[in-house]
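Given below, in the form of structure tokens, are the structures.
Here subunit A shows up in two complexes: once beside subunit B, once beside subunit C.
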Partner chain A sequence: MSEAVTPLNGARFEGLATIEDAGLTGMITLRGDLASKEVKDAVQKAVGLDIPAQRQAVSGQGSAVLWMSPDELLLICAYDSVSQTIATLEEALKGQHFLAVNVSDARTYLHLSGAGARETLAKLCPVDLSEAAFTPGMFRRTRMAQVPAAFWLDEAGTFHLICFRSVADYAFNLLKTAALPGGEVEIYG
Partner chain B sequence: MSTRLAKTGRLVDHNRAIAFTFNGKRLKGHPGDTLASALLANDQMLVGRSFKYHRPRGIVASGAEEPNALVGLGEGTRFEPNQRVTTTELFDGLTCISQNHWPSLDFDIGAVNTAFARFLPAGFYYKTFIHPRPFWKHVYEPFIRQSAGLGKASNPGDPDRYEHFYYFCDVLVVGGGVAGLQAAVTAAEAGSKVMLIEQTAHWGGRAPVDGGEVDGQPVADWVDATIAKLQGMPNVTLRNRCMGAGVYDHGYALGYERVADHTPGSDAPRHRLWRIRAGQIVTATGAIERPLSFAGNDIPGVMLASAVRDYAVDFGVSIGDRTVVVTNNDDAYRTAITLKQLGLEIPVILDARQSGGGALADEARALGIRVENGKGIAKVKGGKRVEGVAICAQAGEGAVLEEIKCDAVAMSGGWSPVVHLWSHCGGKLIWDEAHAHFRPDPANPPKGANGEGFVIPAGAANGAGDLASVVRDAHEAGQAAAKAMGHKPKGKAPEASTSEEAPMQPVWLMPQGAGIKLRMKSWLDYQNDVKVSDVQLAAREGYESVEHAKRYTTLGMATDQGKLSNINGLAILSDALSQPIPQTGTTTFRPPYTPISLSSIAGEAKGEIFQPIRKTPMHGWHEANGADFEPVGQWRRPYCFPKGEEGRHEAVNREIKQTRASLALLDASTLGKIIVKGPDAGRFMDMLYTNMMSTLKPGRCRYGLMCNENGFLMDDGVVARLDEDTFLVHTTTGGADVIHGHMEDWLQCEWWDWKVYTANVTEQYAQIGVAGPNSRKVIEKLTGDDISADALTFMGWTEITVAGIPARVFRISFAGELSFELSVPASHGRALWDALLEAGEEYGVTPYGTEGMHVMRAEKGFIMIGDETDGTVIPQDLNMDWAISKKKEDYLGKRAQEREHMADPNRWKLVGLETLEGEVLPDGAYATAPGTNANGQRNTQGRVTSTYHSPTLGRGIAMGLVHHGPDRMGEVLEFPKVDGGIVKAKIVDPIFYDKDGEKQNV
Partner chain C sequence: MLILTCPCCGVTGEETEFHQGGEAHLKRFGPGASDDEFHTYMFAKENPKGVHFERWRHNNGCGKWFHAARDTVTLEVYGTYPAQTLEPPKEIRDAITAKRPGWTWREFA
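Here is the complex of A and B:
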């Protein structure tokens, strides 16, 4: 089989923040009754994590569960284990009303790190990115300039950002421009 | 003449010189200068010409309110017109030119207008250029356009970058003067997250110029100490060179930060637009001094008294050796005292008040300055600069009592609080009789979502007078803001100096009985040349509303938006209408406070990130192989792939011929793909589509139509049933997001109890159309799975592995040939595309674009959403009754389609159109019918919806909607062309090619 390639193919930029293609990553949209025991157990079985609260992300080792809406989660796992993970979900949720679908290739996934990461994002997204307001474990679906985007922050201070695959170039160039040296706002970090 | 003083200038560095040019003249200034102070230090009194009469114009003010001194700043791609010299920081190498003059600033031909001023009164243009009507477009407008406009347009290719910044705080304080600093300290000490912004490069506002003490120390020291204190607080953000531009609903405010205007060419963004969401907004925006209306008050050298003081103290610049001060209040005495103490001459202070001034007047007299009470200026002598003044009694009509030589006039008509930001979002004003100004009405603030006010005025912006009341008022504002955010304010306001001033006296015209000759030389709006006589004329002609009078006279419509002229103008209007000022009211204050750059609004959106361009996984190949792209929504899709010298038309023809003859590939990745799953999915699909979808078997595909609830066709596409519970909906490219939204709308709002989930997986898959007689062969080369005619029948789908990639293959056809669509994970899309090209080489494979696709579907008589439909077309119009289920009880649009007008047999219906001569019908052309309609227009009986040259048939083909079309086969219709000719076309069956579908069924 041919080798799968991400739209940014490993692109990286170092400026006020470091922006890098996070590489192939498994992503599964799971819709269902998030309050139900069945969904909770299924998610545990599939990725070993709890269901996050509203606007939160629960992260594990190479895996995460992101709160997308009152009835939708995004599960993050290894790219190669998506089929297996979906199979686990389908097995665990047999007889339930749910939807689990592979969206790994529908998105571009970026890591944003370094001292200027908060300011870089705050130039593009209408989100309070102060350290007091946006803390590790938070997840936000929002707008990044002219495209939809979502991001969460891990304990190490790295932002994980996803947006649609078709606008990968736009998203990368946006972040790059926002992180150009000279653009320090000197307000965070 | 104006010149540099040796000893003062607290903001400039006398030890360093920097060079700049004005109209090509090389001049020198100091770091810390504004362009205004540097020009004045070089005795450049004349800086521009007014808009209408081309009168000589000099600097009037020292800040954002400046109406006159606008220049074209910079060169080449960095050139920018209408830049205020008073708010432009001087930098080394600055170049600027004056505006609105020809051939030169000193000698201007347009100034002849001033001689005809009495023929150019208010409303002149409206009155003169109305008749004869046709003259407007061809004579008047070109002429007026040439003489109108201020400055030259900037040049394309702005090299700078711009950005936005989203910020959130509890309390936004606008204005870094004493009031703003105090309000910020109070709110911050209470625990609020505070942002303090100041439009200039300096903190403290004009307090350091005016003097006084706060908290037992000179106010300038208190400012420094307070800034240091605020800088040390983690909950405070300070930003200078950042103007509060506008206040909007829900505590939203714009801050316009001029990051690098003073350091052009640096790697910093030039402007940053702060998009601030604040809980409370404190407007500590200060006050603006008003001019006095006397004859010749526009001659260069006549300035606001406060500005004269600012230039002396802040920049060490004197406007003249002999300055006459004219005032209706005590504050202007400070200017006289300051200048006198610097050793300059004050020939006289003309105080319009019969009773004169208070303690400051006594101080002036003690310094030996002559003070004349009850006197004013009858007229200013001079042309391009002040030469002297004629003195008169304020109470009289302007009889000259005495003439005094001078080279500057410092005027003060009182102070108006800057209420703009308070007013932007609906804050109301009250008229303060004692100070003759409008100030914020505390009972009517702009209100937020909770019905409470979210803007709090502070200090001079709230009408506070001396330093003590400013500090007290600001402290209270800070407390109120913190309290509103749930914080506990503490502490008391620091003590500050009080000053006992005699009451001011409103003076709207000087002298109060000035005759028409003087009134015609008494300027209200300097930039737009509106005089006292113009406003009075407007009132006489019936313009009683202040908004109408503004537009009729153009008062306050210049780039300064009437910061100096509005109050004086509406006082004159009130007087002319014999009504109190509050009854006249003010014009509307709209953001931005002063003009902000359009680039700052665009932010980062320029160049490669001007807008998002959506790209399929094969986009890179298309680019590398010469694709001629067309925009489809935000996607760029190849229109065709021209080879060598080939034009578009030849390329499209070649691609079509190759498809029909052998093999071609289409990048169909942009098609919408939506998963619909759940126990009620079948029921939901039956409601969405006009035809029956619930009976579709897994492994099969069905074409369907989707209508909105008004019955109109909104989308079409092929549905594949994945399993018992799951459908895969294909939408048009443009419909992907819309249809997904449409589905969620119905599921969330109407059928919330149906068990259906949807997911938009459009971008998960790369989709490739493989079309042509050799399409099966090429796929078979890449797969071991059985896709033979028996195994995979027409309108079937299955899962296969192709080129090692897991894929869904749909046997569907839009081109009318044997064809397949292969759907693979997007990350493998390019690999499959490459593999198909390689495998297809032996069949002469070619990629084809959207135009080839369109032509081929038209040859087959397939409709296209957006061509055959335009939001007013129902499936029945397109003879698609076959796709409308008769068995279903309901579907979206069913009832609408049963309404009388929808069921009317007279609706235009789809037919094919075959031109008699083989030419191509013009797109959108109408078929004429005999007679004319009620408007005298030709009657019509049909229109062209799609039209192409068919390379397959070697002639033009078209589809159209025609009255009773399907019953009129063989009839010839006439379609007039835009250029006058007529194209004749015969009504035929819309299927031009392979009517029985034999090509696709092999």
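Here is the complex of A and C:
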């Protein structure tokens, strides 16, 4: 077995916001009928969480369920529990039309926190990130400069951000540049 | 800049979050079609000054396809509606009529 490393290998930057590699994180794409009792039960069995409403995230201790599209969820769990979690899903959804795939190593997972977090992200994404518009628990897929990105905001004010692994460096450098001291816009007060 | 609302995930976002996917409501001609039919399907596209119907994909978002009715002159978006329709729904046609009475586009009016 090779030793798994994240694409950013622990990178961290402190500026107007703190940007850090979230470390090895289990990520499972689950596609199926999100309105069905079977999928609801399977997700509950797999990560102990409910299915989020449209464009929402529900999170627990080290786990989360993210609403990706009308027929797709992203399950977040511990990196070393992915195989077990997928096995649980497959068992619970036997006979159903569904797909559960380990995408942990295909993504980069970042945390963005601090007073300038909203502004840093707003420089890169065409999304209203004011406190009134983007509240904890909201999940959004969008464009971050030239690449697709997805993020959700937790109760502590930290953004959890996901991009493709192949653009990890690009994404980190974008955020770093947007958070460089001297670049304050203070649009959100 | 267009502001589009994706009917699949409900996001109202700006144009760069989406990608245009050509003319809407095309009738496809494939094997068995005449050369004329295939040529028309393949190359003869609407290029109106005014009301237009297009396919769009929420490519930086939920990834789904949908339809949009918009105005190529004013850049107003009259509305978006699901990809699983063969013609613009009544409320979209009414919204266009309110702004552009007497509009036509292919067989629709």
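Everything that follows uses one rule, which is that the second predicted complex is superposed on the first by the 188 of 189 C-alpha atoms of A that agree within 3 Å, B and C clash if a C-alpha of one lies under 4 Å from a C-alpha of the other, contacts with A are read in each partner's own complex, and residues count from 1 in each chain.
Quick note on the criterion: a contact is a pair of C-beta atoms (placed from the backbone, for glycine too) under 8 Å apart; a residue touches a chain by one contact, two chains touch by 3 or more.
Small disclaimer: the values here were computed from a predicted structure and weren't measured.
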{"item": "Contacts of A:F13 with subunit B and subunit C, given as first, second, both or neither", "value": "neither"}
{"item": "Which superposed partner A:E3 touches (first subunit B, second subunit C, both, neither)", "value": "first"}
{"item": "Partner chain(s) touched by A:N102 [first = subunit B, second = subunit C, both, neither]", "value": "first"}
{"item": "Touched partner set for A:R55, first subunit B, second subunit C, both or neither", "value": "second"}
{"item": "Which superposed partner A:Y188 touches (first subunit B, second subunit C, both, neither)", "value": "neither"}
{"item": "Touched partner set for A:P126, first subunit B, second subunit C, both or neither", "value": "both"}
{"item": "Partner chain(s) touched by A:M68 [first = subunit B, second = subunit C, both, neither]", "value": "second"}
{"item": "First (subunit B), second (subunit C), both or neither touched by A:V167", "value": "first"}
{"item": "Chain touching more of subunit A, residue-wise (subunit B, subunit C)", "value": "B"}
{"item": "Footprint overlap on subunit A, where subunit B in one structure and subunit C in the other make contact", "value": "126-127"}
{"item": "Subunit B - residues contacting subunit A, complex", "value": "161, 163-168, 237, 266-269, 272, 275, 277, 603-605, 608-609, 611-617, 634-635, 675, 677-679, 755, 757-759, 761-765, 803-805, 825-828, 830-832, 835"}
{"item": "Contact footprint of subunit B on subunit A as seen in their complex", "value": "1-7, 24, 29, 31-32, 71, 97-99, 101-107, 119, 122-130, 133, 145-147, 164-170, 173-174, 177-178, 180-183, 185, 187"}
{"item": "Residue ranges of subunit A in contact with subunit C within the complex", "value": "54-55, 68-70, 72, 126-127, 140-143, 148-149"}
{"item": "In the complex with subunit A, residue positions of subunit C that touch it", "value": "8-11, 13-14, 16-17, 59-64"}
